[in-house]
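I'd like to ask you about the structure that follows.
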Amino acid sequence: MCRWMAWSGQPVLIEELLFKPKHSLIDQSLHSRMGVETTNGDGFGLGWYGTAVPEPALYHSIAPAWGDANLRELASHVESHLFLAHVRATTGTAIQQTNCHPFRHGRWVMVHNGVINGFEQLRRDMMLAVSPDLFPTIQGSTDSEVLFHLALTYGLEQDPVTAMERAIGFVEATAARHGVEKAIQASIGVSDGERVWAFRYSTERASRSLFVSAEVSAIKELNIDNPRLARLRDEDRLIVSEPLADLPGVWHEIPESTVMIVQPGPDEQRPFEPRYEPAAGNGAPATPGSPRA
Amino acid sequence: MCRWMAWSGQPVLIEELLFKPKHSLIDQSLHSRMGVETTNGDGFGLGWYGTAVPEPALYHSIAPAWGDANLRELASHVESHLFLAHVRATTGTAIQQTNCHPFRHGRWVMVHNGVINGFEQLRRDMMLAVSPDLFPTIQGSTDSEVLFHLALTYGLEQDPVTAMERAIGFVEATAARHGVEKAIQASIGVSDGERVWAFRYSTERASRSLFVSAEVSAIKELNIDNPRLARLRDEDRLIVSEPLADLPGVWHEIPESTVMIVQPGPDEQRPFEPRYEPAAGNGAPATPGSPRA
Amino acid sequence: MCRWMAWSGQPVLIEELLFKPKHSLIDQSLHSRMGVETTNGDGFGLGWYGTAVPEPALYHSIAPAWGDANLRELASHVESHLFLAHVRATTGTAIQQTNCHPFRHGRWVMVHNGVINGFEQLRRDMMLAVSPDLFPTIQGSTDSEVLFHLALTYGLEQDPVTAMERAIGFVEATAARHGVEKAIQASIGVSDGERVWAFRYSTERASRSLFVSAEVSAIKELNIDNPRLARLRDEDRLIVSEPLADLPGVWHEIPESTVMIVQPGPDEQRPFEPRYEPAAGNGAPATPGSPRA
Amino acid sequence: MCRWMAWSGQPVLIEELLFKPKHSLIDQSLHSRMGVETTNGDGFGLGWYGTAVPEPALYHSIAPAWGDANLRELASHVESHLFLAHVRATTGTAIQQTNCHPFRHGRWVMVHNGVINGFEQLRRDMMLAVSPDLFPTIQGSTDSEVLFHLALTYGLEQDPVTAMERAIGFVEATAARHGVEKAIQASIGVSDGERVWAFRYSTERASRSLFVSAEVSAIKELNIDNPRLARLRDEDRLIVSEPLADLPGVWHEIPESTVMIVQPGPDEQRPFEPRYEPAAGNGAPATPGSPRA
């Protein structure tokens, strides 16, 4: 179990949102209120989009986020209009940089809070289902990284929602075949540097919490004296596992089995339904767990 | 604030006491019940005495104890008749191996749970009071390491109780001179490989908790079916910041302002009273904070 | 490319052989003379057998061996009659503890100096060939760890030489199928705590150097005044990538395409010939790269 | 002994100068040609000035520079008009982030290649001479950090050249008093974000190498086809311990006992002469090693 946040909006010093708010993600690394684990001290990751190059930069650390001097330096000197941050509580896999989120492929990044149950049993079939040309880029040992590669195999870069529906559908079908129940728990953030997809889903339909900040115009009618709020602009959106305490009233809970799409122009909210279809021609298996034709 | 434990007795695999008991020190690193901080994830240290050489070995790690693979390996393969372990929650100084306890000088080691208030203000005077020949061996930046060197300056190796009384007396006098109140909070463990001194003291007389296991003969009359207890021998003693949950009834609280001495033969318990005397000829200052004559 | 050493003999403090000899393995981590890379600073590993439990202990570190304070502590306090140590120079895979040698399975450990060429291309087929019940224990991303699991799949615990011949045979066949030349470079050490197998082999028959110390009785006739030599006993054997400088005249080069078996009683030397046979019933593939029947 | 570089000029992606040139600083971390140590694998540091805030950011790592994934990410995504980078080869002090250069105070940073001989003996007197209000900010255990604090004590922020002359003068006087010869070896880089001071000095007048790139207009007359050169502008300056191989002909050696000042407008070169004068009112000692009046 983990905690994560994403920012999409005006460029800000990362620390403004990562460290300074009350009950910030860094606070949550020590004292989570809504997570299954109260301590998320098994690694930290940050992926940010800047102005120098289009690809996102990654910072991965196995030190707990609350005590990482380099992270404080980075966050207090680097500005970004879109970043995702993640604090990790391992469910058993090794604490190493290659297991830290976000995972990256070209301009795409993904963070995941949750777990694939019985991953030890499912890992081989899941890795087999990854497209052979993507296989070499799996560097760590987490369920999340394999899920990311499954989603890439199913076309994440072309159609993120469908790809994630098929990736999770594959996981559920594979779990069923192995007799594993409650296959997946997931709140997932994905971005290409322009949009952010926030997925909330679990096989048992009792997913980890996930919140998005409301439209600023609506909020401003309610709140008057909050300086952090005063600086928010209409297009600014925060997505968080747990609400920041100094922005009360700002949060909409993302509903169960839903994907929220934060993007230029009106945001979008859609039902999320895993699909068990075979892939077509992009290296994914014709049937779950079987070799490619 | 930190948590620590010490074992003196029959040789045991370190994991038997460090990992396996309910509410073990490793559990306390994630979920302390009695500490000021609930998470002690800012470094781990182990000092153990073995059979190959008389000097103790140290293992210092900046990874949280609960997730440190090397620590699990060590603890499950190394036997020791006397060891001290420490989980750290920094009060601000850097997370680095040289700030991990225990600190060592020859055959002597020390662990400390607590804090010297206003250490930033007092640090220079405290370091000045350390004997110049000991000064070069200060490697980190903690209050605890300087306190250890003060105690060495005052003769820890000859008379540990008096030396610690004078070291803490010096700290209190220096704090008073700087207008710092509640100078020190301390539960301290010291060993030379044969005995363990466990000090419990704070300027405000409201010290962190500290417990020692009772004599086994007395306990065995009370408890019958506990397998861990059944393996304890008469000379075996555990000292812990917080009781291990699977040995209920075993624990004596070490009283406020007291030093407990665990040793071959009957153990000893004495009042602990800081002294503000000048040193004589061993490099310590004639008056607190002044240069050596 | 890496460097390694193994000791089998009387119990010694590990530092006696790991740190103290001239041109020790730790020296080689900074200044290798015979390696392809002169610096082996990308991680260190030690696997040692002790007296407390039959399984070997592991110490894995991503700090360069020459500056690792915990390694110095361990090596100067722990005695072992059989240990393997390894300094790593990565050929591209991540520097993380799960990529440090030795790899372990039950009582078995393996270290590897060398490389599987085109591993990115071959990795998927190699991992597929690993027995599904061993698959979940692959934790890192190195070619060496997958090779170890292939050898386990082919029966390392029953017949190490045949298993390694088949594992490497499989690698060569898979490489050939992918058009990869010079499939493997390898000097490999394997142990079960009683014996050490030292393999020297490469597809191009130009393998990395590997040396074993000669029988002590023969050496003692030649050398008279070397104190380190004077302490050696008849059963003591050192295996090293590069000779230790303060034991000149002691070393036999292990020939190309040979396995040396150090064991109680007379040691043994055999030709090493990779085999391309299919496996029988233990989860390995019927033909290289194909799915299990 | 260490290696360092500094850039002052047009904003560049840090990797353009830190990683991409032939014989870059990262190459020098593995294979230095002109250094006393060929390997500089005991930590890395980067201090860069950006556009978001005036204070420089620091990145300190105890992983060898050549294998540090976070460093590659940073360097390939962050632009800076002025940065200093440093690879460390320890002369004995601990490998920890607080011992990594650059050291920082407000807008000022310093890197140091060299050594203060007999630092164990001199450390106490040097630390005593540091202004008490600066004393608490000493976090590590290096000679370089104490030298930086001495220079700050002597007024680095007001007059860097005089302050460094007095700091090194104090070191030499203190060394002489302790009977230590060849007190200091130093190539030092200092910056406030606008200018860079590059000091080359050693007590024995045989200082480590230090080079500065020539004025671009002069170079361009000589070189025609070098694309890296073609991108240089008139105000751009590189300072390096060892010349980058793909900019031959560009380098001026900074003379012995000289400070080079890179700044807007014409650069400046001055003789550097340590001074043994007492301080006036800023907390530094009236005579070397004595307590403040």
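By written order: A, B, C and D. Residues from 1 in each chain.
Please note the rule applied: contacts are C-beta pairs under 8 Å (C-beta built on N, C-alpha and C of every residue); 3 or more make two chains touch, one makes a residue touch a chain.
Note that the coordinates shown come from a computational prediction; the quantities given were computed from them, not determined experimentally.
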Ask   = chain B-chain C contact: same residues or different, taking over half shared as same?
value = same
Remark   = Superposing the Cα trace of chain C on that of its twin chain D calls for a rotation in degrees, to the nearest 5, of 180
B-D or A-D - the one linked by more C-beta pairs in contact = A-D
Inquiry  = I'd like to verify one number: the distance from the centre of chain C to the centre of chain D, where each centre is the average of its C-alpha atoms, in whole angstrom.
reply    = 42
Task = Just give me the whole-number Å value for how far the CA centre of chain B lies from that of chain D.
result = 40
Key: Sequence positions of chain A contacting 2 or more other chains   = 69, 94, 97
Ask   = Which positions of chain D touch chain A when the two form their complex?
value = 13, 50, 52-53, 55, 57-61, 69-70, 73-74, 76-79, 97
Message = List the residues on chain D that touch chain B in their complex, please.
response = 93-94, 96-98, 120-121, 123-124, 127-128, 132, 135-136, 138-141, 291
Chain D to chain C touching residues, read off their complex = 30-31, 38-39, 41-42, 62-64, 66-67, 69, 90, 94-95
